[in-house]
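Think of it as A, B, C, D, E, F, G and H in the order they're written, each chain with its own count starting at 1.
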Amino acid sequence: MQWNVYLSGEIHTGWRRQVTDGVRQADLPVTFSGPITDHDASDGCGVQILGEEADPFWRDHKAAKINAIRNRTLIQTADVVVVRFGEKYRQWNAAFDAGYAAALGKPIITLHALEHTHALKEVDSSALAVAETPQQVVQILAYVTRGSPIS
Amino acid sequence: MQWNVYLSGEIHTGWRRQVTDGVRQADLPVTFSGPITDHDASDGCGVQILGEEADPFWRDHKAAKINAIRNRTLIQTADVVVVRFGEKYRQWNAAFDAGYAAALGKPIITLHALEHTHALKEVDSSALAVAETPQQVVQILAYVTRGSPIS
Amino acid sequence: MQWNVYLSGEIHTGWRRQVTDGVRQADLPVTFSGPITDHDASDGCGVQILGEEADPFWRDHKAAKINAIRNRTLIQTADVVVVRFGEKYRQWNAAFDAGYAAALGKPIITLHALEHTHALKEVDSSALAVAETPQQVVQILAYVTRGSPIS
Amino acid sequence: MQWNVYLSGEIHTGWRRQVTDGVRQADLPVTFSGPITDHDASDGCGVQILGEEADPFWRDHKAAKINAIRNRTLIQTADVVVVRFGEKYRQWNAAFDAGYAAALGKPIITLHALEHTHALKEVDSSALAVAETPQQVVQILAYVTRGSPIS
Amino acid sequence: MQWNVYLSGEIHTGWRRQVTDGVRQADLPVTFSGPITDHDASDGCGVQILGEEADPFWRDHKAAKINAIRNRTLIQTADVVVVRFGEKYRQWNAAFDAGYAAALGKPIITLHALEHTHALKEVDSSALAVAETPQQVVQILAYVTRGSPIS
Amino acid sequence: MQWNVYLSGEIHTGWRRQVTDGVRQADLPVTFSGPITDHDASDGCGVQILGEEADPFWRDHKAAKINAIRNRTLIQTADVVVVRFGEKYRQWNAAFDAGYAAALGKPIITLHALEHTHALKEVDSSALAVAETPQQVVQILAYVTRGSPIS
Amino acid sequence: MQWNVYLSGEIHTGWRRQVTDGVRQADLPVTFSGPITDHDASDGCGVQILGEEADPFWRDHKAAKINAIRNRTLIQTADVVVVRFGEKYRQWNAAFDAGYAAALGKPIITLHALEHTHALKEVDSSALAVAETPQQVVQILAYVTRGSPIS
Amino acid sequence: MQWNVYLSGEIHTGWRRQVTDGVRQADLPVTFSGPITDHDASDGCGVQILGEEADPFWRDHKAAKINAIRNRTLIQTADVVVVRFGEKYRQWNAAFDAGYAAALGKPIITLHALEHTHALKEVDSSALAVAETPQQVVQILAYVTRGSPIS
């Protein structure tokens, strides 16, 4: 079985690269998907494609909905959803994705620093694994897909 | 029809009271539910009932899961989910609830100040109404349940 | 069993009254629901409650979404959905409701003049009954709920 | 991921060709499906295959149901549903398809001229994007599938 | 809990009366529903309400669909479905109801003479009990709802 | 799209061959599945594999359940279900399959002689096409999959 | 809200009584259901109602299926499922109920001695609370339904 | 059709090998999946990947949840679930898997010695076949996938 893994959340550090590189090196049967991580494209796609908006609310609204075409579809087709919470910003979209995945019954792996444990307790309690490093995510995927962590 | 409305999110201001008072004064056919809003009880229920934990992670974990027995059940039985984002804290649980409700197809009303518009664009894009005041939430419930806003 | 019947579609003639009066006179175990039929309230609820919009598109958008809180919820809880197509306007919302109900597996009764048969063939083909008069709808509900049409 | 996109609605102009040509030129990972667009075949398939009907209602009924075998199946397997409303005819089947797709949770893109905004407000409010030109639909598919609109 | 039990199948003998009488005498918490058992009304409801048909096929079609409004709804709300196969006729509707209930995951009790065992093996294999007499159905309902068969 | 079509029902005439030959000659994108049509294997598989039974009821029961592993799985994965009723036997399993497919929302094509119209009215009313000959089934599949009947 | 709680598992000690007594004393809005706990009735109901069986396998089979009419229905309608594992017997039915409830997304509370922790790790990992005493179950229900444990 | 078969349960004997060897020799269209059967890896994966735990409960908890990422996903994608109960240990996870598969409507084949018939009656009653030997499982898969047992 080829596993589809959706990488949700923070887009400002290189964690996605670390996870995908680790999986490639270990040659695991995993295909990745995720949101568009080009921040300007993601914020501007609504007005860029469908026309300008005077009100910032509707500008954001049009962008968020176009992104939702992508993201909800990919979460629905994922076998595992990894949700990353970083150090900055409020990242409500990451928590939203976790709730969305939880209601669909998708296995969730959260990835965040120990210091956010208390603030993320509801999210973590819906996860099947709580990781602190991208390497741990790779190890989990290695175990889950072939039974042996990477040595 | 009696409408079940779940009031999710921020527990530090009186917004729930304002919504429920407004609905009671308008005599609307609405029943409310929501999380336990006693902050200490909510944080401590796990170890208080099931035994102490040395590691704060598991202390939180046990509490969050007991709260999930309540919260996920009530969201599942709700007709409408109102999600409030306040000024303080990260409130990832509110965004989680919104994602959870969205995947279940529940109508969502978000309630937050204008300044959070950009950070909440993904959450707002899944909502059927974005309110700034508890009074607007009452007005929406009045319109939805009997067709006329409160004068 | 008390039957919940949602009356969707055209709001400019008295067909809802004719159906509900007929059902009341026959003392059938049927409860009715439907959209807000006050046309101005229905069109204006968005900006009246949540604030004015310069762009007519967003004005309509906010209203349509608030109405969706009501309508989708009531269709989901209905046992039978009656969809009425009248003589005027495009009535795309009526056909939308029919499609929505069809995908949910709800029994559909359409109500329209014979002249719309060809234009409504896709909608009618998803219905369990195609009526031309409100009296026929009452007769169907009488038969379905107690086995005998009204004499 | 290969995306399945269903093109619903108006069959009298070349919009489907414009969308599919644009997508092919941009080499996007998209496969299209849609209803049979040969108008005579679509109207006549019922009696042509299953035998003549004296009553036009049943003639239409048999055709609409055979078309439903195709259309509902393809909508159910689609990742995105595009619904086009043109200038002529009542196009209740397009609105029906939109409602059907909405209840299934499919991402919807509507495509219509600005002048239909008010009449289509309920349909548009269920969509994740409202486009006015086939080129915009292509741009959305380009963004959704690879993150960059076509320059 | 009040149990809803749907009594499907043969309408020419008094088995429904035997089951409901037995349940009433035992004072079990059971409510019954079922199809319209007035054979002429059931066959004629289509043309009687919606207008005559020249072709017997469409006459039956209109009747069967109106009956489906009732029967599918009641099966969907039933907790247990009892399906009776009698001595006469082909009773394909009874087997259809059994298949319909099976796909919905409803507990099925079949009721038929031993001689039909081989012909009904597929239907019986989807049932949780295979009874030969109405009294056995009453006993099962007594056991299931309060734990003790009727002495 | 490759269409999966399940051929249910009567196993004593060559109708399956006629349908599959017609589809092959027309080179349609259709894959067929169906029950095991070797009558002795189908009846005997239970005791042949899992051990003899003294009671004919259990002999049938074991066989019917093993067949159900195959048949329910294939119906669930089918895009279209064709159900054939022949001249002989009670064929309750065919009607059961039709009910099962109907509850799953599968498009159904029934195939039977005109004389069974009245007895099959409930089954036919759940179908999207009612055919009398295997050739008509082929024509429907040709139209549904590529838009043109076979000339 | 009135909460429905299903009490699954071991039937040889008084834990059900302890839970229900505790809930009654605390006057919680909880209604209980569960399997038939009369061991002889539960084992014998199949042959007692539907006729003797020579083979013990079929004797058990008939009983287990009649019990399934009750138990699966009640688990499906439960808001919370408590699963008790005792000191004796293999209790595979308790673990089966836990898996059944887990796949339905029901909140699970397990109740067992510490010594079974390792053997029950898969079951416990699907639970939202793992209790060691009936009093803890009462406390959880008190917290979940009204926010305050019993003092 | 390629059939996905999940092999659940006991990991201490060679039954999986016997089933997969038999299927390979018969060249059946079957792909197998199952839990990680390396006992130490399965028990230790939690702490090995995510960090040590002082409390054995949490050590087991972390492992069981990581295994659940694999096992629940594979059961959900399986067409048939085989559940093996051996001679030793309590094997509550096997019964849990059976309950999980039953609630998902998966066809279940149980595999165990005759002596466990009474203890497994609830589990067996949810199965479509009850086998005593791996060879019987192979025979069932041969019959189900191509209609003829292996001679």
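One rule holds for everything that comes next: contacts are C-beta pairs under 8 Å (C-beta built on N, C-alpha and C of every residue); 3 or more make two chains touch, one makes a residue touch a chain.
Being a predicted model, the structure only gives us computed values, none of them experimental.
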Looking at chain pairs F-H and E-F, which one is connected by more C-beta pairs in contact?
E-F
Of all other chains, the one whose Cα centre sits farthest from chain G:
D
Indicate the whole-number Å distance between the mean C-alpha point of chain B and the mean C-alpha point of chain H.
41
Inter-chain centre distance, chain E versus chain H - centres from mean C-alpha coordinates, in Å
37
Whole-Å distance, chain C centre to chain H centre, using C-alpha means?
50
Counting only Cα atoms for the centres, state how far chain E is from chain G in Å.
31
Where chain D touches two or more other chains at once, by residue number:
65, 68, 130
Seen from chain A, its contact residues with chain D in the complex are 33, 36-38, 41, 45, 48-50, 62, 65-66, 68-70, 72-74, 77
Note which residues of chain D are touching chain C in the complex, please.
56-57, 60-61, 63-65, 67-68, 85, 89-104, 114, 116-126, 130
Which residues of chain B touch chain C once you look at their complex with the stated criterion?
1, 3, 79-80, 107, 109, 128-131, 136, 139-140, 143-145, 147-149
